[in-house]
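Each of the two complexes below includes chain A, the first together with chain B, the second together with chain C.
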Partner chain A sequence: MAMVVLKVALYILLAPVLGGLMEGLDRVVSARMQGRQGPPLLQPFYDVYKLLAKQTTVVNSIQILFVIAYLIFTIFTGSLFFGGGDMLLVFFALSMSEVMMVLAAYSTNGPYSALGANRELLQMMCYEPMILLVAIGFYEANGSFMVSELAAAQNPAVFKIPGMLIGFIFILTIKFRKSPFDMSTSHHAHQEMVKGLTSDISGSNLAFYEIAEWYDQVLMMGIVAMFFISKNPVSIVVAIVMCVIFYLMETLIDNVFPRVKYITMLISSWVVILVTAGTNLLILSVLN
Partner chain B sequence: MTLLNLKAAVTFLILFPFVMAVIMYLIRNASLLRNLVAVVGGFSIMATAIMVGVKVLGLKGTTHNTFFTETVLADHVIMGGEVLLMCIVIFLSIKYKKYYAILLSALGTIPVLWMDLSGRAVEGAAHVRVDYLSAVMILIVGIVGILICIYACGYMKDYHNHHTEVGDRSNYFLALLFVFIGAMFGLIVSDNLGWIYFFWEITSVCSFLLIGYTRTEEAVNNSFRALWMNLLGGCGFAFGLMYCNIHFEIGTLSKLTTIIPRKDMLVMIPVTLFAFAALTKSAQFPFSRWLLGAMVAPTPSSALLHSATMVKIGVYMLIRLSPMLYGTFTGVMITVIGGFTFFAASLLAITVSDGKKVLAYSTISNLGLITACAGTGTTEGVWAATMLILFHAVSKSLLFQTVGDIENCMHSRDIEDMHGLIIKLPRLAFIMIIGICGMFMAPFGMLVSKWAALKSFVDSNSVWLVLFLVFGSGSTLFYWAKWLGKICTVIHQSYELEDITPKSEMISLVPLTCMIIIMCFAFPWMSNTMIQPILNEAFHKNIPNVIGGSDVVIMMIMVGMIFAIPIGSRFLAIGKKNKMTMSYVAGVNAGDDRHFIDSFGKERALYMSNWYMTEYFGEDKLLMPSIAISAVIVVVMLIIVIGGAI
Partner chain C sequence: MKISKSPWVLHYDGSSCNGCDIEVLATMTPLYDVERFGIINTGNPKHADILLLTGGINAQTAPVVRQLYNQMPDPKVVIACGICSCDGGIFKECYNILGGSDKVVPVDVYVPGCAVRPEALIDGVVKALAILEEKRVKVKESMKQGYCTVDYSKIAVRMKAEDYDPATQYDEVLTEEALREQAEAKIAQTAKPAPKPAPKPVAPAAAPKEGGNA
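Right, the complex of A and B next:
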């Protein structure tokens, strides 16, 4: 029990630091890929610090409520995962926190926000099947939905569910809203709908959103790490290395591909999920 | 309460709704008297239902509440009733020149009558049996069904104030609702197949009459569509019933389910026919169109058909047959149809903006999931199916009633018109938000059951079902969340509309809303006291808690957080001192957030529509192919099982 509390406390304290550094790294590497100097590594922290100091303007009184709910539920979801909870429950909580963010955008009644909200829902529809399949994949591979038991498995799950890993990496681009799937909001300047989802969020409210995103990124990378972790301590090192590789790969994809139309995203993601994760599941079920 | 009292209470539950129907029919106009009679009568039925439910669920071990072994008089009444139903169908078919309905009605009724009259029907067993599953269903019908009847009294008055073109036959409408309730009770407690068939046909004809209430051309067409589909299912049931009686000399459902399919493959013939009938009643593809057409009727009838009664009969039947479906070809086909329906209907729900139609597709979709769960024939599957029935009945009836009230207040039930509902009709919007959350969001009830369904599919190694479920969950999330977003939009300078929802409707809305919230907390308890006994009785084995231990605690924390956040913000000064501004329109706001200045300097209205993706998932694209695919599956199932046996 004490271990669980410690892990959750570590996640709550360290995840924003790690998430901010990951974002900083992403910006630096992106800049180098484009032949620019780019911002310093700590720029995301400076940004959030400044946002927190700014006056917050809101368009209605419930908007801030939804953003705070988003932050709290994201932290809750991550704590559930790093505390060793039930994988399916983690993902259900995750989709609830996402819905809170979408509602924050809907509530503003602004055209850019509303469009962003609709698109964000579509992105959720694209990655939701894969996320559930990942939980099922872990269950089929190592016989449990509990993260704590999965982390102590004999063999890394990736040996049994490589298809799931490929599918998950694919939808990670959608989840992180990286190009070519940065529909609902984008960190690139070439955005046809301003900031989409976050157009009407400002000041400390926007800072909360950014912090929630950091927590979310760490959670997602934690799930990637789950594919490589076994009871062998060396696997932790492998997992960390793999996480860095996959994260940098996302940065590369982000810089290489132009944005696609929404229907391309929907079809490609569902086809990829069906082919990779679906086939993987089928093979596992035949073997079992 | 002794067995004798239980017998009296069950008799009261079946007969009293019919008495209520006669009384409601006699009170011609909407009046305080009518409301009073409905409330007093309704609550006495509800109280009896709760009493029976609590009493039966309180029993230990296997139930032996069987009675009515000698029923010569009742059998004659039922035979007369069947002839009467056939006459009603024949009369209305001739009146509206839809002669095919006569054929289907005669095909289902006359052979059964012949069997009864020629003494081939097997008698001697108890006709009524109140076991745990019956008790749970009695609670659903008794509580949710009766609340809808009470709601209907207030609703119909408002309805006729708005729809002056429709002749006021509300007494007839309310009478039909009570007949429906009576038939439901009869069906749930009957064990004799002939009796089940009779009540089955009453619900078919009743729903036909309810759908055709407004007598417009559309209503008549839709009602006949509902009639032929349900009569077709009824024919399937009739043949199954005759096969049981004549070939197996079995007259009761409980005896049929004791046969082990592996020892006698022929038993799958009646089981498949009953399952086929169940598919029509539960509006699974390819029989979904009758339920979509049913929304032309006034809202209470939709609420009743969708939540507590009609569609639940089909899945009730499947749960009864579930132990026999395990590992059989029929079981596989039923699960495939269910899983496919869940997925296809949830895609179709994305593309429609009529509130009632979204609800209709969502019903079809959820019923698909229940069908798939029951079809697996595993204990976990039945657990999930029963839980889904419970949660779906409460949430769906609440949603239908709220949509009906919103329609009465705003004269529209289109989701696009619900833009900013939280400002316009805050009370109804709040109820609706809880209803919608209850349908799809963690940690509310439906999600608990979906979770269990997922686990049961994974454990039974049904990969296709898992895939249907995960993809269907994605689209389910999409159509509910965008509706939720529409409601939560806050528009400036918008005024509250007059909320004309009468008190009598609140008598129904408030308890249902509370039930959704309470059921979030109570589901572990419900699992132990309501579902576990059913499983013990059907499968004779104990299963560990499907969802238990620390997960329940975490879910409780989530429920607590959901309610703590809005309450906390009320007391803490979060967001109170912030500067208010217009929403961002690239700097061309025209003073409010509902107009903008266009490139010619003119002021234009701004309107944000939701996303429907009709060009990809539209009804014209997906509906017919889905029906065709599932029709092929059904035909293949019937040919292989029946043809294979012959």
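Right, the complex of A and C next:
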């Protein structure tokens, strides 16, 4: 029990630091790919500090509640995962946090926010099936939904569910708001809907949103690491190396691809999910 | 840690010839790479700290500029880029040109040039960052007193056509000092609902604005 509390406390304290550094690294690497020097590594922290110091203009006071609920639910989701909780519960709580952000955008009544919220719902439609399949895949591979038991498995799950990993990496691009699929809002300066989801969120509310995104990124990388972790302590090193590789791959994808239309995203993500994760699940259930 | 390490810029073209706008965009390219200083060109006034204005501002863009200025959260800085934005430039005598950004919103930094050089622009933004820090301290102080520096209701932009009257709309610049005075007057009014007893007829020359009591 004390171990679980320690793990959750470590997640709550360290995840924003790690998430901010990951985003800073992403911006530096992106800049180098474009042949420029780029911002300092700590730039995301400067941004959030500035946002906290700014005046917060609020369109509809309920949006404060929703943005803070988004942050709290994201932390709750991550705590469940890193505390060794139920994989299914983790993913349901994750959907809940996303819904909070959509509600925050809808509550402002702004045209750009509402469009961003619509697109965010579409994005959720694209990645939710895969996220559920990942939980089922882990169960089929190692016989448990509990993260604590999955982490102590005999063999890394990736041996049994490589298709799930490919599908999950594909939807990770949507989840990280990277370029082919950054429709609802993006980390880049301009897009056709101003800032989409976060258009009407300013000051400290935007800072809370950024911090929640950091927690979310760390959680997503944690799920990627779950594919490689087993009883063997060497697997932790392997998992960290694979996380770094996949994260840098996302940065490369972000810089290479232009934004696609929603229908392309919907079709491609469902086809990829069906082909990789679906086939994988089918073979597993036949073998078992 | 200073907030000036992450200035987000909003760029608006107030009837310029587009020369300065091209230079503003050139500043964002990998050659000058202003992201080194954390500067991001955001399209959203609600996320912006610095308003970059180009052009001499005409009657149609003036309400838009005020709207953008009002939507930006405090502390904020306005930079006039190019000679047209500073005082009207070669378009100064045109019938529809108001003659500079400072006819519409309070400007903090003037960057001259036709068109403005990216180096000068970067220098102007760096100057603006120092002002941003100063303003942040001011906003903090005024927040402690219970009100914000800018009373948004006082500078509501008149967008309707029937409200348009050049004589009343653009003649005076609403500086932050003036806005703060207005806010203080408003607070003084609401704080004391009881009317003052005696000295009402004594000071007729002082302030014609403070006629009504609540």
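Following the convention adopted for this analysis, the second predicted complex is superposed on the first by the 287 of 288 C-alpha atoms of A that agree within 3 Å, B and C clash if a C-alpha of one lies under 4 Å from a C-alpha of the other, contacts with A are read in each partner's own complex, and residues count from 1 in each chain.
Keep this in mind: a residue touches a chain if its C-beta (ideal position, glycine included) is under 8 Å from a C-beta of that chain, and two chains touch if they have at least 3 such contacts.
What you see is a predicted model; the values in this text were computed from it and never measured.
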| item | value |
| --- | --- |
| Comparing the two partners chain B and chain C, which touches a greater set of residues in chain A | B |
| Partner chain(s) touched by A:31 [first = chain B, second = chain C, both, neither] | second |
| First, second, both or neither for A:199, with chain B first and chain C second | both |
| Partner chain in contact with A:106 - chain B first, chain C second, else both or neither | first |
| Partner chain(s) touched by A:118 [first = chain B, second = chain C, both, neither] | first |
| First, second, both or neither for A:47, with chain B first and chain C second | second |
| Partner chain(s) touched by A:57 [first = chain B, second = chain C, both, neither] | both |
| Chain B versus chain C as contact partner of A:95, first or second or both or neither | first |
| Residues of chain A at both interfaces, chain B in one complex, chain C in the other | 55-57, 194, 199-200, 203 |
| Touch list for chain C against partner chain A, complex | 1, 3, 5-6, 28, 30, 33, 35-38, 40-44, 46-47, 49, 71, 73-75, 136, 139, 148 |
| List of chain A residues in touch with chain C within their complex | 27, 31, 34-40, 43, 46-47, 49-50, 53-57, 189-191, 194-195, 198-203, 206 |
| Residue ranges of chain B in contact with chain A within the complex | 420, 422, 441-443, 447, 451, 454-455, 458, 461, 463, 466-467, 469-471, 473-475, 477-478, 481-482, 484-486, 488-492, 550-551, 554-555, 558, 561, 565-566, 569, 574-576, 578-586, 593-594, 606, 608, 610-611, 616 |
| Footprint of chain B on chain A - complex, ascending | 55-65, 68-69, 72-73, 76, 80, 85-86, 88-89, 92-93, 95-96, 99, 102-103, 105-115, 117-118, 121-122, 124-126, 128-129, 132-133, 136, 139-140, 194, 199-200, 203, 263, 270, 274, 278, 281-282, 285, 288 |
